[in-house]
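In structure tokens below, several structures.
Next come two complexes, and both contain chain A; in the first it sits with chain B, in the second with chain C.
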Partner chain A sequence: MSLLETLPASPKSEPPAMKALREQAHERLASEGLPTKKTEAWRFTSVAALTGETLAAGPSTLSVEAPKGVSTVERESLEALPAGPFAALNAALTDETVVLRAEGVVSEPLSLRYTGADHASYPRMRLEVAKGAELTLVERFEGEGALTDAVLELVLEDGARLRHVRIQRDAGRLIGSVSVTQGRDSHYAAHVITLGGALQRLDLKVGLDAQGASCDLRGFYAVDGSEHCDHHVRVDHRAPHGTSHQTFRGIADGKGVAVFDSQAIVHRTGGHAEAHQENRNLLLSSSAGVHTKPHLEIDHDEVVASHGATVGALDEDSLFYLRSRGIPADLARGILIHAFAHEPLTGMPDAFAKEVEQGLLERLPASEALADLGEELA
Partner chain B sequence: MLKIENLHASVDGKEILRGLTLEVPAGEVHAIMGPNGSGKSTLSYVLAGREGYEVTEGSVSFGGEDLLDMDPEERAALGVFLAFQYPVAIPGVSNLQFLRTALNSIRKAKGEEELNAAQFMKLAREKAKLVELKPELMKRAVNHGFSGGEKKRNEIFQMAMLEPSLAILDETDSGLDIDALKIVSQGVNALRGPERSMLVITHYQRLLDHIVPDVVHVLMDGRIVHSGDKDLALRLENEGYEQVRAEARA
Partner chain C sequence: MTDVANTEPPTKEPVRQDAALEEALARKYEAGFITDIEQENLPPGLDEDTVRFISAKKKEPEWLLEWRLKALEQWRKMTEPRWAKVSYPEIDYQSISYWASPIKDEDRPKSLDEVDPKLLETYEKLGIPLHEREALAGVAVDAVFDSVSVHTSFRERLAEVGVIFCSFSEAVQEHPELVRKYLGKVVPTTDNFFAALNSAVFSDGSFVYIPPGVRCPMELSTYFRINAANTGQFERTLVIADKGAYVSYLEGCTAPQRDENQLHAAIVELVAHEDAEIKYSTVQNWYPGDENGKGGIYNFVTKRGLCEGDRSKISWTQVETGSAVTWKYPSCILKGDDSVGEFYSVALSNHAQQADTGTKMIHLGKRTRSTIISKGISAGRGQQTYRGGVRIGRGAEGARNYTQCDSLLIGSECGAHTVPYVEVRNPTAQLEHEATTSKIGEDQLFYCRQRGLSEEDAVSLIVNGFAKQVLDELPMEFAVEAQKLLGVSLEGAVG
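Up next is the complex of A and B:
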């Protein structure tokens, strides 16, 4: 039986802009199906549990709070289908496509909230940040979704600046795809925070498609128990003078598994590029697992690039130093893990940093004592 | 008082301390000098409770309590403080928050009231003057980006804040220029008192010009081979360890 036969019927409402996409999606699903462990990009992440019934679409779980300066727009047709099987599944089954456009300098954040439900949902959203516009976008994934397969398309026009905070605290299954297209001198800053979840997968793709575009991608993830998270990041330098930074850190405890796969590709057309990748992981238990693979592909001579990945335990010297000063072992561990997580959070707007901090603290040893530590000393 | 009896300790199966016996009465400053590899740093780590140092024989008590049974944090609560030879940098943890957590953890363990932010800051400002630690360093991440001298001052600053009853200074003089050495020594001397024992571990006699010890011990091959007054340090410097040991045997 092919995947398409097992899929539930297409949703009743058919947004006209979706028609072409949906056809492409069906074609892709028919030829490729859902990934197995033999699919390179899904080697460490199994989606075997996602079968016909689990995939049946229920009502949307997305709520949007748009500030002044952001409005809904109609689009005749949508851009090409993003790569990946779940983007195709989303296109095949989504019943809504929200297209928003931000103009000017928008002071309040645009907030998207996805509440996981006991049925699958396929929210789909496109956000355009107009020429010279500035916006903060906050996405929150909460609850315990049977499956949330969310597709987000971000278009930054020339000189646009977008700060994107994505907080994934859905305890269930969340598969997300974010694709970013950047215009000339535009800047995209992302803070992707993944705290647990049975299965969390994010494909983040950034195209530096016009001269002088830059992106700064920061992320933090934490898994414990039998949680599983997988971040696939790809940055394409397709135009000259592009800059990309990737700073991701993660902690794996219990039997949790974290996967980090990142590519930075400097194309022949992407000279004078600067591309940096860093991924550091703390392995807190011998049963936890981390798979990390940052890689650079450079097809041009004039490039400044660096990449590195580490997986290690908590530093014994630091732990002993703290304990020798009277700090109990649990709290000392909490302090060190907390400090490790700090860097990817820097630059995040305060309100969200606090929210993430809270979520992070709840997962750390000696969390109460740690929270007291946060009190400012002047 | 610190009482070490016939202490044997191994690292990775290799015996480093081989029957070390030593007593430091309350209020006294004892220096331990010895060549490289004699077991100086091992002794300081064993006293502070570092993992990986296996005590195979002997005993260590402080104030009548068995130290060897305790976790490092329990020893700290009892009043043991180790000034590290190589203080650890901990990015992301502010010096002040670290120290307040340490101080309050110790106070809590002793059943004393914890200090609030204002009380703590008042104390920190006062103690920082002892070692001329710049206020901006107190706020920075622990030892992160500190020069060698700043790290050692920070150790003594921590010691001043935690007010230990047994301070172990592990080669606190290493890497210091003479000005920094004087400042650190002044800080240490200001902390001398009738209730506080100090064990000053060093490779060089120079430090002992500034922190004058009551007793000097010579540590070689994991044992104390000779003890004497402060002049012994000078003789070690001039005549060398082997000469002093040979005379001690004779």
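Up next is the complex of A and C:
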């Protein structure tokens, strides 16, 4: 029996709003099903392997460590169903919904940890950052998971500041959806780090919905072996004076495939916007592949927008320079890749930067020598 | 937000600026007029009989009829593509007449003197160098009026060096082996909906063959026009440059003002053999419709070049200012090693015009290189999309691509969109893509004003600079017209 035919009915005790959401999700899945390669947003990422499996939800894989200032909220209604087939699948199958609210300036980070399991899981999170509040959110996805279909909603009220660190390490099959709603003069900074994993897909949507909202999205991804990662980023400038920056870098080695698709949309209501996109890729093997599509849709003339994308190999001249200084080929490559990966990590809190650095080093050529070199320099 | 964008311009200036803008935006289409001459039309509708009629009319060999019928069969199985960022009402393909000829076959003129004077007058108005002007301009013009070629000039001079430049129907009669060898080689009938439609019902077009080692002694040019109401024009152009040959081909078009939408689905195929070079330039100024887009041309074109041989080169240059809807992606398949593809484009959409245009560079051979320079200008309620693809195949060692697409916005109701697709499968390839979208630079304007230039001169200077990179690529004969076209639609409009 196919996955979609086994959708369970919603539990009896559920609040009506959640019930409605679930029904909506059932309807969408029944009419649209799971995406195929003919679906534009899934052209390069195949989920055909999932359709044959029974992906019923197992026990929870999510653990939450909430610092002082972040509290759980009992809530009757949830936001509308986000776009996308896997957000619908999540809504149809989820049995854990966590709603949190941060007030004031929270100094300790809020930590969410998802561990992989041999069953599927559908965690659903909503985090509200109150007016003027400040918070760091760190999400970690670890361990081979059969399927983690995680939906995260972030709501930034007026003047709120949220730093979001998301580390996806060897997380098996992970399909995530993050949607951000921003209030007036709020700021959202994201660091999305994807290091390996059989299938990693992230849909990150940011809505600059009120005047003066800004976001700074940085990301780094690395694939090797037969790994596949796919980042879909979308920023909607719906209100005036919005600013968005997207800086993503990635490396593809082995038979790995990296997909990057980003949209910056300046709506008619989003004048005086500034939107920048940058995507740089290193292609390190002849069997690897990179597909990038940074696109701009601009419906207003008061705008400064740009995008840039590059794909290439390591610079021969730089390699030669390092070799001529007596550095072995492997280490020279490692140094250059390490330098390339550095940009998206800037601005990341030190504790996490170290963790990411460690994960990154493990994937580089001559990693030990490189680590020693790092220590020497420090 | 930068300070510059926040700064309100002085209150006095915008009034004058807006007036100039309004005036320029409201400018009427200058090339709009209708020529009243006898037409021989087929009633609207499309089926096997239509195809047989067209084929019989043109006395085509059996294999070509079969080819057309196969294309029709394909077309019926296909659905109209709707992925482009353009919207237009449903097209009823059965309400279009697929054949119109301005003159009866038996009355075909033997020389220019026999040509309908009204027709000549039409060309006169458009400034086409056909009669005395042909020698002066040094341009060979194969003017297509609706569906039948009226006159081809400079044939003898070209024949001396062995260049074949004739209408497509003549080529079918006189060089069937060449036509059969190359027709559909680059754009197969199954390629897309509009290509299949064109393949089934194409009426005429131009055919160019440059023999090995020959540098074509002049720029070749076709001016074609759409004239009869309700008549779709289905052009088919085939340009072949044999080993070491060079040709520069110019294509320009204007259309008379009409109140009904006219469909245009052309195909251009280019084949460049070893060391050959083809330069294909287009100035497109079809009727864009009125302020609401009513009556404009629907332009669905498939253009593709194949760099078949090593070290071959294909260069596309286009200035697109017309049509209500443009759907056009001149592409290059870089098959030969060290082959080069280029795409230079200026596209302007004003009023309710919509343009979804770009290019596709497919790198297959080693050390293939491509350059894409696209400049989009949106004014009024115009919608402009750059949609480009760069694909590097596994075997394309050392391939190189540089893409730059810039958009300029004039007015708060227009839109400019950039959708690049980059797919790389070879690690030795190097790709760069950059794009910017903005309204005209306030600081640039300020700098020019500060140096004593008037607002209008400053704007004109900046806009010309914006498009210069592309205009420079145009052959001399076209550069003047292109600048005039841009000038009419644009210069006063920016501010």
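Keep this in mind: the second predicted complex is superposed on the first by the 354 of 378 C-alpha atoms of A that agree within 3 Å, B and C clash if a C-alpha of one lies under 4 Å from a C-alpha of the other, contacts with A are read in each partner's own complex, and residues count from 1 in each chain.
The rule we apply is simple: a residue touches a chain if its C-beta (ideal position, glycine included) is under 8 Å from a C-beta of that chain, and two chains touch if they have at least 3 such contacts.
As the structure is a prediction and not an experimental result, all values here were calculated from the model.
A.B. asks: In the superposed model, does chain B or chain C contact more residues of chain A?
C.D. replies: The partner making contact with more of chain A's residues is C.
A.B. asks: Of the partners chain B and chain C, which touch A:Asp317 in the superposed model: first, second, both, neither?
C.D. replies: first
A.B. asks: Of the two partner chains, chain B (first) and chain C (second), which one does A:Ile327 touch, if any: first, second, both, or neither?
C.D. replies: first
A.B. asks: I'd like to know which partner A:Gly289 touches here: chain B for first, chain C for second, both or neither.
C.D. replies: Second partner only, chain C.
A.B. asks: Please work out whether A:Phe340 is in contact with chain B alone, chain C alone, both, or neither, and reply first, second, both or neither.
C.D. replies: The answer is first: A:Phe340 touches chain B but not chain C.
A.B. asks: Which chain A residues come up in both lists, the one for chain B and the one for chain C?
C.D. replies: Touching chain B and chain C on chain A: no residues.
A.B. asks: With touch defined as at the start, can you tell me which chain B residues reach chain A in the complex?
C.D. replies: Per the touch definition, chain B meets chain A at residues 48-51, 71-73, 75-77, 81-82, 84, 87-88, 90-94, 96-103, 105-106, 109, 117, 120-121, 139, 141, 158, 162.
A.B. asks: Any idea which chain A residues touch chain C in the complex?
C.D. replies: 40, 241, 243, 268, 271-272, 274, 281, 283-286, 288-313
A.B. asks: Would you pull the chain C residues touching chain A in the complex into a rising list?
C.D. replies: Against chain A, chain C makes touches at 1-2, 5-6, 83, 392, 394, 407, 409-439.
A.B. asks: Considering only the defined contacts, which chain A positions touch chain B in the complex?
C.D. replies: Listed in rising order, the residues of chain A that touch chain B are 315-318, 320-329, 331-332, 335-336, 338-340, 342-343, 369, 373, 375-378.
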